[in-house]
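In what follows, a structure is listed as structure tokens, so that the remarks can point back to it.
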Amino acid sequence: MNQFGTALRLSIFGESHGAALGCILDGLPAGFAPDLALIEYELKRRRPRTGTESTSRRECDNYRIISGFYNGCFTGAPFTVIFENADARSEDYSNNIARPSHADLVSFVKFSGANDPRGGGHSSGRLTLPIVFAGAIAKQLLAKKGIKIASHIAAVGDISDAPFDPCMTEFPELDPMFPLVDKSLKPGIEKLFESVRERGSSVGAVCECAALGAPIGIGEPFFDGLESVIAHLVYSIPGVHALEFGAGFGFARLFGEQANDAILPNKKTATNRSGGINGGISNGMPIIFKAGFRPVPSIALEQESIDLDSGEKTTLKLGGRHDVCILPRGLAAVEACLALALYELISRK
Amino acid sequence: MNQFGTALRLSIFGESHGAALGCILDGLPAGFAPDLALIEYELKRRRPRTGTESTSRRECDNYRIISGFYNGCFTGAPFTVIFENADARSEDYSNNIARPSHADLVSFVKFSGANDPRGGGHSSGRLTLPIVFAGAIAKQLLAKKGIKIASHIAAVGDISDAPFDPCMTEFPELDPMFPLVDKSLKPGIEKLFESVRERGSSVGAVCECAALGAPIGIGEPFFDGLESVIAHLVYSIPGVHALEFGAGFGFARLFGEQANDAILPNKKTATNRSGGINGGISNGMPIIFKAGFRPVPSIALEQESIDLDSGEKTTLKLGGRHDVCILPRGLAAVEACLALALYELISRK
Amino acid sequence: MNQFGTALRLSIFGESHGAALGCILDGLPAGFAPDLALIEYELKRRRPRTGTESTSRRECDNYRIISGFYNGCFTGAPFTVIFENADARSEDYSNNIARPSHADLVSFVKFSGANDPRGGGHSSGRLTLPIVFAGAIAKQLLAKKGIKIASHIAAVGDISDAPFDPCMTEFPELDPMFPLVDKSLKPGIEKLFESVRERGSSVGAVCECAALGAPIGIGEPFFDGLESVIAHLVYSIPGVHALEFGAGFGFARLFGEQANDAILPNKKTATNRSGGINGGISNGMPIIFKAGFRPVPSIALEQESIDLDSGEKTTLKLGGRHDVCILPRGLAAVEACLALALYELISRK
Amino acid sequence: MNQFGTALRLSIFGESHGAALGCILDGLPAGFAPDLALIEYELKRRRPRTGTESTSRRECDNYRIISGFYNGCFTGAPFTVIFENADARSEDYSNNIARPSHADLVSFVKFSGANDPRGGGHSSGRLTLPIVFAGAIAKQLLAKKGIKIASHIAAVGDISDAPFDPCMTEFPELDPMFPLVDKSLKPGIEKLFESVRERGSSVGAVCECAALGAPIGIGEPFFDGLESVIAHLVYSIPGVHALEFGAGFGFARLFGEQANDAILPNKKTATNRSGGINGGISNGMPIIFKAGFRPVPSIALEQESIDLDSGEKTTLKLGGRHDVCILPRGLAAVEACLALALYELISRK
């Protein structure tokens, strides 16, 4: 089901090149006045950019609130927002060749050929637009409770950023449009993007995301622990194939005494290898995870595939301009997922 | 909520040292006769062992089916199974010192001190017992559809097993009680376990798990893609802190043409970097993921912590005998989660 | 939550005088081509009419499908439809007097005054518009399975129609826009409506609704029996205050031998006092219930109430033109609820 | 699914003559110490009695709490209770004749003959035992919020009790084991029960149930209004076929000015024809409904039916002793449903 949450229920709908896309948020607090500029800001962070990074879309992402909002406040009734697809271009998708590592083939089979194939239809990364919108609201609701969320580009190709301090009490200064802990890496990454674009290829990346200020007690032991709920949402972002909390896969090489976080009299821990979570429940330390993205599968290089209508072998080269890397703009979606997961679990208590 | 699934709904209950633990499975097919020997077998795989690996528990894991089962078949009504806690020893938990990297502190705060603290209470790894039981049933239901599940120890400390062939059509021969692709590694791992045990420590590990025979079309685009649902369940296993599908974090270093899987005329892909999933939907290739476990936090070495009742600083050394590594017995739980996730999503269609 | 169903999930949104209202249907079968004329027809049945029965609204109920629909078929992705509120007139609701027996007061308190008060906001009967739309689709999906739904005005004031034959295999001929088993009652009912309108009052009514062709086995023992699920939906229609299945309240005066339905060798029952349901599960006989509606609370007669802003006592007389009776146009909503309930439960199996 | 609620989730399991039955309650407040004597008391009210009213069962309803309970308090983990079926007598159900107006036939068809047929299996009225247990807890949680629940026998056969005063602020004095507003009716009802029993028949009944002290604001506009949620639960009680709130079916004969409840400056209403609910939301007045029960279908008189195994026509006379009327002991279940519905909706806010 195209839905997440029970306390704050997010339902998304729409296709990449359909009439419109959008979402319903059910469970927002009546009387809360969201800052629309902050929402715009998150949408901007998610938007494809000209220059080093770009896609073929020129959507302005204008939204229209159609319910649940009155006199500048949430009403308590379902809040619905719509994004019209001004730039939908059906003619681009007149043939029906399955793009490798996209959902074209599996959707065709799953939905017996009735799916909307244009631009990936409902499986398009464009569906992160309502998720980022919803996350921008969740972030504001969390901010009122003293919880802040940020992320940075942890790795692209062979370039690795410095990690967050796992015991930080404030985020380092970050450029929200291109966040790096070590700002000196930006030119190198831009150069990598440029060379990848010139080749018509794309490149993978890793982001690191954290929440500061979360109190002890968020999450439920089985099955709705914090990792489970965050993972459920983050893995819904197209392109995410890996996720680790705290020391993550690095735990395999550690012994117990290296892995455990000693508990201090103030209930904090001396280290934070657990990523702020014990037994699925937040422990008051920064909640930290890394998410790994595959290279954008839309590349201009020749690939082998099949024509879905005829079933016959063919090759394809994707034209237009595409993202060369899901980051940095994908960070807006990751942060949105963390915000939605935290707010959902906080609201259940 | 202590529940997973809507088509096949698994509800678990119980505490490590309470009267009993168990689960309800609601949505099992009426008339299906489960092979109880196969269930026993999975319970045995999960059981602590003497020798190189062990815990302090000597539970025999006898179960009692109390509803939804008649004449050897599921009835279609809720199926309930209970495991009595014959070996519960409350006196072991008379003090209330928070064990580092356990859920003791967070549960104490979250439940205002009303939680059952004995052995981690409801947050105990013992709760994987009903999960393995349920997974053993799901495995049988999947087997009827031609889907098989297996896993192996991919890494322990510095020792790494050979990976599964991502395009395999059959699993390699594996010893279910200590599965390794490269069997020659077993003595080295046992020796590592022995030395870790002697030190009173523990060690982390990684497992690799796969499903073969899954058809195209399992999973839903948003938010219930295969990765999301598998991750939700696998992250509910105590100790899991990392999860990656297919090339996983390795994607960061790949370019698009290295990452994409060319589609063949038979609808299979030439490679399987995607781990058998595109856009959250199974693509007919092996579904493959790796899960990373932290070292068991129960160690016999001295650690710093606090007394939950007084709030004062203290140290602790955990007595008794504990697992030195969650693997291999934790593999039963990982496979159970994969089986439950697949059966849930198949049943929704 | 403003949502119903798990197999076919209906989410509604919007307010009486907001920008738009609509719904998402998630779980529709990919490839099914709905007959839009049949949808239009149900919307027309629901629409206020000039003449003997009317409201102040002149909505044309034009709808716009914005997702999940491609080449005339459902795609399998969430299906979303929007109705713009062309005739919204905020100025009608400049004061804030709680209309007796409306939800004005309770919404004001529940949502701390942040609710949209115009025309009842989200609690308006106008929200039955997306429900009727969704029901028109469910009806078509049921028709493919041989299940038909119809209803008639069973009582208005002192006038009672003849009941359905509880063992019917076909519905009697009914005028869909003003359905009565005994057509001769129509002039009397119209005359009653006319006199009630002239007085500025309104009148209550009862409808009888049935489904024919439902196989044995729809519904689940606890807690999602057919009566439970039908009741859940029917009671969501504004104005419904009573519901009975089969002999209903009449059972109180019956003895066991008068109430039981003898079972025949063809698995039908000789009588149908049970209303087609045993133990929450359909038994193959007509599924029959009656729903009782209160008089429309919007009347032109003077009433006592309070001003919500000042809390002070006041009186009000509602101007404009209002329904004098929820029937016959409310029948479209009742049938929609039955269709949605049946399709939901059929789809779960 | 055999489950109700999202904030307080009740899952029931078990069969009439299986090993045991019981329930899980997930979402109870950690630290709350339930009064077990009050639970016992509700179980006693539900229990079949010797004398004028009786069944063939002699269950002592001993329960065993197996999880979620520690030091006399709820822990916040799932609370599970089990009732062993000490008196299960499988031999009573050696043949397989469908009892008219029971669920025997429909369960046989729905579950392909795999259902447990003994005593109605999972569809038995015995499943109200865990519901009453859960309701007894919900009542205590509501009492802490100042909400009280009671009910009485409103009608049996031709005998009608005086109704509750719809504007009452306290319940009239009621004998909990045989509650009547007009106590003088008791001998007549007992005499009726006696004559019905002698004939081997049974008789229908109506109960009236109310909650006092509920604040304004419980319930959600669509689809989880108070009537919807109460109806969902009450209709899950075997034997309930009718339900009306406030003036209920009587509204059909009323005009708007007779039906509306004038709003007073103290936010109460001058009358309470709405049964304490407007637009699905509690309005601060008593929440009042009537539920109609069919005669118990188990009668000692000869009835026509079929043998489920052979499909052939047969007759049956049910031996043993059965309830002649679901009331008064069914009142415990109705009150439990109201308590669970209210607590669920209160807890969602």
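Per-chain numbering from 1; labels A, B, C and D assigned in written order.
Definition applied: a contact is a pair of C-beta atoms (placed from the backbone, for glycine too) under 8 Å apart; a residue touches a chain by one contact, two chains touch by 3 or more.
Since the model is a prediction, treat every value here as computed from it, not as a measurement.
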Other chains in touch with both chain A and chain B: C, D
Chain located farthest away, centre of chain D as origin (C-alpha): A
Contact-richer chain pair (by C-beta pairs counted) among B-D and B-C: B-D
Averaged-CA centre spacing for the pair chain D and chain B, given as whole angstrom: 40
Chain centre separation (chain C, chain D; CA means) in Å: 26
For chain B paired with chain C, centre-to-centre distance based on mean C-alpha positions, whole Å: 47
Shared-contact residues (touching 2 or more other chains) in chain B: 1-3, 6, 12, 77, 110, 122, 221
Complex contacts: residues of chain D adjacent to chain A: 6, 77, 221
Of chain A, residues touching chain B in the complex: 1-4, 12, 98, 100-103, 105-107, 109-110, 120, 122-123, 127, 155-158, 196, 199, 201-206, 216-217, 220-225, 227-229, 231-233, 235-236, 238, 240-249, 251-265, 267, 269-270, 273-275, 278-283, 290, 292-299, 301, 303-306, 311-313
Contact footprint of chain A on chain C as seen in their complex: 1-3, 6, 9, 11-15, 18-22, 24, 26-27, 30-31, 64-68, 70-71, 73-80, 82, 110-116, 121-122
